[in-house]
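Report on the structure given below.
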Amino acid sequence: MKSNLKNIAVLTSGGDAPGMNACIRAVIRTGIYNGLNMFGVMQGYQGLIDNNIKPMDARSVSNILHMGGTILKTARCLAFKEEEGMELAYKNLKAKDIDGLIVIGGDGTFTGAKRFGEKYGVNVIGIPGTIDNDLYGSDFTLGYDTAVNTIIEAIDKIRDTADSHDRLFFIEVMGRDSGCIALRTAIASGAEAVLLPEKETSLKELISKLKDGVNTKKSSSIVIVSEGNKYGGAYDIAKSVKRKFTHYDTKVTILGHLQRGGSPSGFDRILGSRLGYAAVNEMIKGETMQMVGLRGNEIKLTSLEEALNIHSYKLEADLLEMTHVLSI
Amino acid sequence: MKSNLKNIAVLTSGGDAPGMNACIRAVIRTGIYNGLNMFGVMQGYQGLIDNNIKPMDARSVSNILHMGGTILKTARCLAFKEEEGMELAYKNLKAKDIDGLIVIGGDGTFTGAKRFGEKYGVNVIGIPGTIDNDLYGSDFTLGYDTAVNTIIEAIDKIRDTADSHDRLFFIEVMGRDSGCIALRTAIASGAEAVLLPEKETSLKELISKLKDGVNTKKSSSIVIVSEGNKYGGAYDIAKSVKRKFTHYDTKVTILGHLQRGGSPSGFDRILGSRLGYAAVNEMIKGETMQMVGLRGNEIKLTSLEEALNIHSYKLEADLLEMTHVLSI
Amino acid sequence: MKSNLKNIAVLTSGGDAPGMNACIRAVIRTGIYNGLNMFGVMQGYQGLIDNNIKPMDARSVSNILHMGGTILKTARCLAFKEEEGMELAYKNLKAKDIDGLIVIGGDGTFTGAKRFGEKYGVNVIGIPGTIDNDLYGSDFTLGYDTAVNTIIEAIDKIRDTADSHDRLFFIEVMGRDSGCIALRTAIASGAEAVLLPEKETSLKELISKLKDGVNTKKSSSIVIVSEGNKYGGAYDIAKSVKRKFTHYDTKVTILGHLQRGGSPSGFDRILGSRLGYAAVNEMIKGETMQMVGLRGNEIKLTSLEEALNIHSYKLEADLLEMTHVLSI
Amino acid sequence: MKSNLKNIAVLTSGGDAPGMNACIRAVIRTGIYNGLNMFGVMQGYQGLIDNNIKPMDARSVSNILHMGGTILKTARCLAFKEEEGMELAYKNLKAKDIDGLIVIGGDGTFTGAKRFGEKYGVNVIGIPGTIDNDLYGSDFTLGYDTAVNTIIEAIDKIRDTADSHDRLFFIEVMGRDSGCIALRTAIASGAEAVLLPEKETSLKELISKLKDGVNTKKSSSIVIVSEGNKYGGAYDIAKSVKRKFTHYDTKVTILGHLQRGGSPSGFDRILGSRLGYAAVNEMIKGETMQMVGLRGNEIKLTSLEEALNIHSYKLEADLLEMTHVLSI
């Protein structure tokens, strides 16, 4: 059954992720191509409440495909968790006759969208945009691939100096409670070990691995620390290790927010385009309360319900085992 | 049934591709980890014939994960197509007691490997290493993702100058008879049109699209030309278009061999690592005459027979349609 | 003597160069800081004639510092060479009470500015913006440093594949009749030889150098060809060499317009900022008919007269000699 | 007077810097070209003491020009400050008949070289290799230009996320007690303010500047903090500011060791090549106890005495003033 959709608004919410702009461009242009009026909401749900909603044409998204961040800006918005905030948001949409809302973000974003859609009957489609790759229903979330590339470029640089000095580096990477970024950047950077939220690592095991490296004449070692790991931050772990392992000079780097920015990779530009394109097409077809995601090489729907309730990233134990083997 | 494999050699053949070094590292270290003796063959099949085969230890592949090209070098080798060449190659392997051969390359490489394996009973596993992404049995071939990133970085730069001058650019990209690179870089760079080997484009349609861009106030236009398209090279097409469309100043860029090089992306480093790791593990398990490939998020076997006979890349018609919609 | 300057306009003309946006930002903000009204002219002199001149405030140049190209766009404008065109341009400036014009470009741009300033008494300051580094009075022109970085990144990638295949590459780079880019990228990329506009190279000498490389076991060779060299384009030279030197497989790459684009390097961002800042400050002090340039680490004035008449780039013979020594 | 130099050794000492490999290549090849025997010392002065000195030929420095770090490795060596250590070092050089020593590093490196040269009469030439740009006698030190580019690429990424979230970022950069990196990256990244070792900034002034940004509708602000500034680390400063300025969400990034690595820029590859080439040529001419440096566009000698005693980097007050103007 085809919807009678006329006006769609799009917003980005939660942490920004590279590829969001490619996705916004796709949403706007796909809507316009299909004869809809398109709107952009500034600063996520806050902009819905503040009525910071502007019409967008095809040229308004020119030359943004390759840019990091989000031209719609993003924010975390407490007011939208309250009845009052949602009510205001709804009135603002209603006043503009906007009957579809596409939200790009992570689980917090989807939680809000789901409640909003249920309560007011607005058509809602979610697009998984977060570097953390922690959403069920999409093999990869928008921004994750770029973040991995950004991180390994940084580690390649650190490896230069680590090698020149025979040093041990602990490098803390993002990912919240998902170890996906940590595990995969560990593989991609040839790290000697990785500490994950999904699996406790004993200090003893870690030190034993580092000693193996010394014995086999490695000129440096790199340990990736996922911010969500159970043991603590990179500084804490470095301190504990230093007490029992003094062969190398030890340094710590917290990569921080540079992991979120940068021009999106080809992968993320294509993914963002496909997800944005699909979101609008699915909404036109009458779909609502769904997330569009990449599975294999296809775009598939998952209900927001499922996307929110099923824990997404499962430790890829075979990849962890491989990390050990390949860093001998 | 477990093989009694003792010694494995690895070679790269055909065009080089980013990620081959990550893959070589994985092959060597996985073999050593499993107690095998590992050998590297220089310059592809030529090195087999010339007995340019050297033992490799874990340190011999240190610090290569992030490098473009292949430390084993590669070559196209006519002699290996002859009985005599193969015979010599076999004697050289035999003399070193090498009973397994892992080849990284494209279909030419696999054709040689298949004949060799069939004739001499050497265990053979193929790894899909080519930027063209044109092999059946793997969603992505090693090097393709990096090539896409390299190309879009180049196009982003060209877009800067195209926009500043209101210009039309024809940009020729690699891919042989597969349009995968062309189509996906067109999406990722926001190109206005793309010419593919899989689908003829009428000049009329192309010019109409370019005129639409002028009417909607685009400040530049970019057309991606796949080297294998039916119409001709980028220079030829530009000449034909210029005759009938003079709104913009027209320029041509042939990206050429820079598309093959560069530090591999995270995706290709992980893919190369996984494929190399799997190739050795599968050979240890007794597999032979197979290709390891990525399907969805898993490594799967495809027989060399199938990989060679089934045409791989099918035009992703939905993505081509999307390219038109998103470049309005 | 202080001028009574009230309104300044800025334009970019000729080929675009990375760092132009940083320079535009500096011009606009320095003017505003000093209480002037600032204007941007679109598409170089064409915009003066077409009255495409718009007021610019401090926010209008936000977030452009790091972008390639020029937000003011550029064009080559024949009409401005005619009396009529200049007259129109002057009337348009006069109507807006604009009494100062800052032009960013190369010698063609300065020629126009000089004639215009002489004829109409408009205050004129030139800023050397061209990747070719061919202007007297500035050690480096805006965009040159970025172009060098862009080129060597491309050559690094080509080196990967050249090394993997034992190949000889001829790489053609920009620079018009100045060999500065070619010579310096040859040094920076470890090229085996370089062909310059300023010095004829005998084919014999070139081939002898390449043979030396083979004898000393070089696995690849790279020859940089300046587009302005006397011998011909890279394809021609490659053909001539191939006839007498067949050791390597020979390939050609014309880097083309990607050399003009890209995010400016730190050097060019700082240079653009300093030149733009100085241009406005000097004009406020009453200077006119001058070019601001970098000499050593200082910004100095050179009269447009001198900048145009003195041939700028002299072959750095010591660097050419060094190139030979370092590529043994 | 020409020296009778026969054998030269080269070492890198102190912190590593991009371009060191380009410089090592130039030293080795220039020596070989001139008929000398060349040696590389591993791990700086430690290698002299440990007799970790190896002969190097032209091929031993192939394909390193573009690599970060130093293939000779580096270390800080306390033992070389003692009589005993120096004595051992001298014996090791003597045993190999090495009569010239070229050291690449910063002031600590030069101090050692000067004492060693004075005591044992070994010919010594220093090459300024440090990202800090803090040596008298060279406008730029080797590695500084690359570090600036690395930092601004990181800040560009952070700017993406800062803009998307309306945030204030404090970014700490290297430079020891020299503010050159901080000041110049502040200009190149369009930072709103910069804290330097050479000039105290009042908190009041800083907050006033940030408030101006809010009033003029800046969507984010970035403050560069030089590690050597008097006020404290970036975390401390952020904490103090947050107490009195709450408009933006405030974040801190310590860029850390990634600033030292990475492929050298064109500028640093050319600089490293020229300095290495000149160092050997000058030593052949009989020079000793000198540093080679870049002044304007020429390579000039400065005595180690002067290089060590004259404080190098003076605050570029005009550039600091410009930073304020351009970030309005």
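Think of it as A, B, C and D in the order they're written, each chain with its own count starting at 1.
What we mean here is this: a residue touches a chain if its C-beta (ideal position, glycine included) is under 8 Å from a C-beta of that chain, and two chains touch if they have at least 3 such contacts.
Fair warning: this is a prediction, and the values are worked out from it, not measured in the lab.
Of the pairs listed in A-D, C-D or A-B, the one whose interface repeats that of B-C, with over half of its contact pairs matching by residue number, is A-D. Between the Cα centres of chain C and chain D there is a gap of 28 Å. Here the spacing of chain B and chain D, counted between their Cα centres, is 39 Å.
Remark: chain A and chain D have CA centroids separated by 36 Å (rounded to whole angstrom). Residue positions of chain D with contacts to 2 or more other chains are 156, 159, 163, 219. Viewed as a contact network, the protein chains form a single closed ring in which every chain touches exactly two others.
Taken in their complex, chain C has these residues touching chain B: 12, 15-16, 18, 43, 67-70, 73-75, 150, 154, 156-166, 169, 219, 251-254, 256-262.
In the complex of the two chains, the chain D residues touching chain C come out as 25-26, 29-30, 32-33, 58-59, 62-63, 65-66, 139, 145, 148-149, 151-152, 156, 159, 163, 184-185, 187-190, 216-219, 263, 265-267, 269-270, 273-274, 277, 295-297, 319, 322, 325-328.
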